[in-house]
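Contents: one structure, followed by commentary.
Should a chain be cited, it is by its letter among A, B and C, assigned in written order, with residues numbered from 1 in that chain.
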Amino acid sequence: MKKDVPTLRTCVLLCVSLCAVVALASCAGGLRRDTIVIGSKNFSEQALLGEIVAQRLEARTHLRVERRFYLAGTYICQQALLAGRIDMYVEYTGTALTAILHDPIEKDPAAVFARVQQEYKQRFGLDVMPSLGFDNTFAIVIRGEDARRLHLKTLSDAAQYTPGWRAGFGYEFIERPDGYPGLVSTYGLKFGEPPRNLDLGLLYRALLDKQVDIVAGNSTDGLLSARDLVILDDDKHYFPPYEAVPIVRDDTFTRHPEVRDAIAELAGKISNDEMRKMNYEVDGEHRDAADVAREFLQSKNLN
Amino acid sequence: MADFFIKHWDEILQATLEHVWLVGVAMALAIAMGVPLGILITRRPWLSKPILGSANVAETIPSLALFGFLLPLPWLGVRADRLAIVALTLYALLPIIRNTVTGISEVDPAVREAARAMGMTARQILFQVELPLSVSTVLAGVRVATVLTIGVATIAAAVGAGGLGEFIFRGLAMVNDQLILAGAIPAAALALTADFLLNLLEKRLRPAR
Amino acid sequence: MNDQTNQPVLEPIIEFKNVSYRLPNGQILLNETSFAVPRGETLVLLGRSGAGKTTALKLINRLLEPSAGELRVEGRETRAWDAIALRRRIGYVIQEGGLFPHYTIEENIALVPRLEKWPNERIRPRVHELLALVGLDPKNFSQRYPHELSGGQRQRVGVARALAADPPILLMDEPFGALDPLTRSEIHQEFRELQRKLGKTIVIVTHDINEALLLGTRIALLDAGNLRGIYSPREFLKSSEPVAAAYVAQLHMLAETERGAERG
């Protein structure tokens, strides 16, 4: 049996090594000196946007670009950004406003952008870059045949028919303050039965198969450009803007100023239509997101 | 598979270090709190029920649920790693407290009596007799807690705390086996290594009878 | 000797005055006991299990607190002593030894001197002196660990440890009970030598009449918490007190058996 002194010595050694290991581990960030990490959420549009940003940086800077895609949601991405595990990802202004900043909803895109940019800088030290050009707001979608038959163009038009319709919404839409609850109160919608909670990927299939009659999708969903589906106009401007903006850590720009210019040139380069088409190529035609992104950049001379 | 590891070695290393950081801080806190609490229980046995009871409750709550409970709290929910470390610390407490109590209780009563009779103060008895003689048992508790914490830390990625679990969750979302293994294998290796090393230390410190 | 009290040499060094000890549940382990131990005496507390002898012993170094009565050590009530200081002036030896398994023999013996902050240069030779005193070769034993020693050797170390800081009083609770008869006998002889040499005041608890007669200058007979009487060995052998007589009768039987074994 070891004496008192070696036991004490061993315990001290153990504590010191624990501290050393932890200290070393906390410098994990230092590893990535000339590397930049791009994050994305876990759906195809995000992976596409992530690829577009990543390939742009690969083309225009000497940095090594790492992809950390398919992070499980807004909160996860935000945490990863704050902790420095990723350097940037593309967020939507409306989501940033309500889900992260917990600010009340606003409708004017310019006001929302300004608000988000200011508060992100103040509260988190994060830089919000100008929009990439499209607004991925919620799209309330019905079948083309119903739209034509009932002469429906706007959500106000459709309100009277909702009691007879079954609705299908994704989980986040039902829970978010800027989602289902506000929609119902703004347009006075009444559904005969509570809305079905459907996986995002199954919404349109269910709609086309007539299992549901109205769904909340996204305005840049690929399938919208390829099927007989109609987006009901948000005539009361309920949905806030969801402009796609790259959000970057301040110290990333400090360490690599060339990144700012490379990203800035992407501003306004992607239209709603173009985003929809790219989404369809990935979701509908099962093409690789990296290839689709590359083609897009080439077509715009951005790589 | 080996190619994947080689190609992405620095990402994997970074995730491993994040993981070690989470586990390391949590273990340090758990030991700093758990050992004194264990000592306290040996001095005031009536505290055994409330303290061990609470630690047991924390242990019984499924880890993901515990993360979920802590998420809405004001200071904790803001940073996921803070949240994860608090949850991990709570998980690690029970084995450490329990083993501290056991280790100290198992000190030979004759030794304790002799120590007291020779005029050692309570403090001297604690530091010169009870703790040195129970180090091995306490270390066994630390070992169990460490392995447990390494495992639960993989779940912490679900709430954004990073670490090796992030590979696993991303791999699941992308249906990519390589990513999943890139998280799972190092996590398992960490746990096995910690277990092995602490076991060695435990054996070395065990008193001969 | 570092005798810090201003006590005249003739005062008893330990004095019980109507001392009682009661358990929380009301059971009385020691009942209004009074006796005095003069300096230099070896008092044996003799009795059956549960007679109260260990209780009486533990009251002396405040491992237990008296429920009633006055107990004085070196002229001062134990209640008035600082418990730690009191215990460091009293050596304590128990049956199981209680050596620290994670300390070497040297470290075990050096315990109280270290607590008393003796300088290192004084401790080492003292340890060696004590090991020699109890019949263990310092070169051989000082760096060993308790588990490497035999029972008898461990008890010797226990005695050495109790004597290390040169306390005026030594308390022993069935110190040789766990030893085999041959070893015990050996140690008894050595112990008598030690008594002669050191002149300490010793209180020994035992239920072994042989040991009592051999080692004690006086025997205090306890039975069910009560003190039956205090006798010199000679007085004890001739006593008509029932419990004492019972012991003596048993002694004769034992002697017969032993003699028979020797012859056979």
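In the analysis below, contacts are C-beta pairs under 8 Å (C-beta built on N, C-alpha and C of every residue); 3 or more make two chains touch, one makes a residue touch a chain.
Here the structure is a predicted model, which is why all the values come from computation and not from measurement.
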Using the mean of all protein Cα atoms as the middle point, what chain has its own Cα mean nearest that point? B
Would you mind checking which chain's C-alpha centre is most distant from the centre of subunit C? A
Intercentroid distance (Cα basis), subunit B paired with subunit A, Å: 35
Distance from the mean Cα position of subunit C to that of subunit A, given in whole angstrom: 82
Can you work out the whole-Å distance between the CA centroids of subunit B and subunit C? 47
By the touch definition above, subunit C meets two or more other chains at residues 101-102, 145, 147
Pull out every residue in subunit B that's touching 2 or more other chains. 132, 207-208
Can you list the subunit A residues in contact with two or more other chains? 1-2, 4, 7
Touching residues on subunit C, where the partner in the complex is subunit B: 61, 63, 83-88, 90, 92, 94, 96-102, 111-112, 115, 145, 147, 161, 171
Tell me, which parts of subunit B touch subunit C in their complex? 108, 110-121, 124, 129, 132-133, 207-209
Which part of subunit A faces subunit B closely enough to touch in the complex? 1-2, 4, 7-8, 10-11, 14, 18-19, 21-22, 24-28, 31-32, 35, 42, 66, 68-72, 75-80, 82-83, 85
Applying the document's contact rule, which stretches of subunit B touch subunit A when the two form their complex? 10-11, 13-14, 17-18, 20-21, 24-25, 27-28, 79-81, 128, 132, 135, 158-162, 166, 169-170, 173-174, 201, 204-208
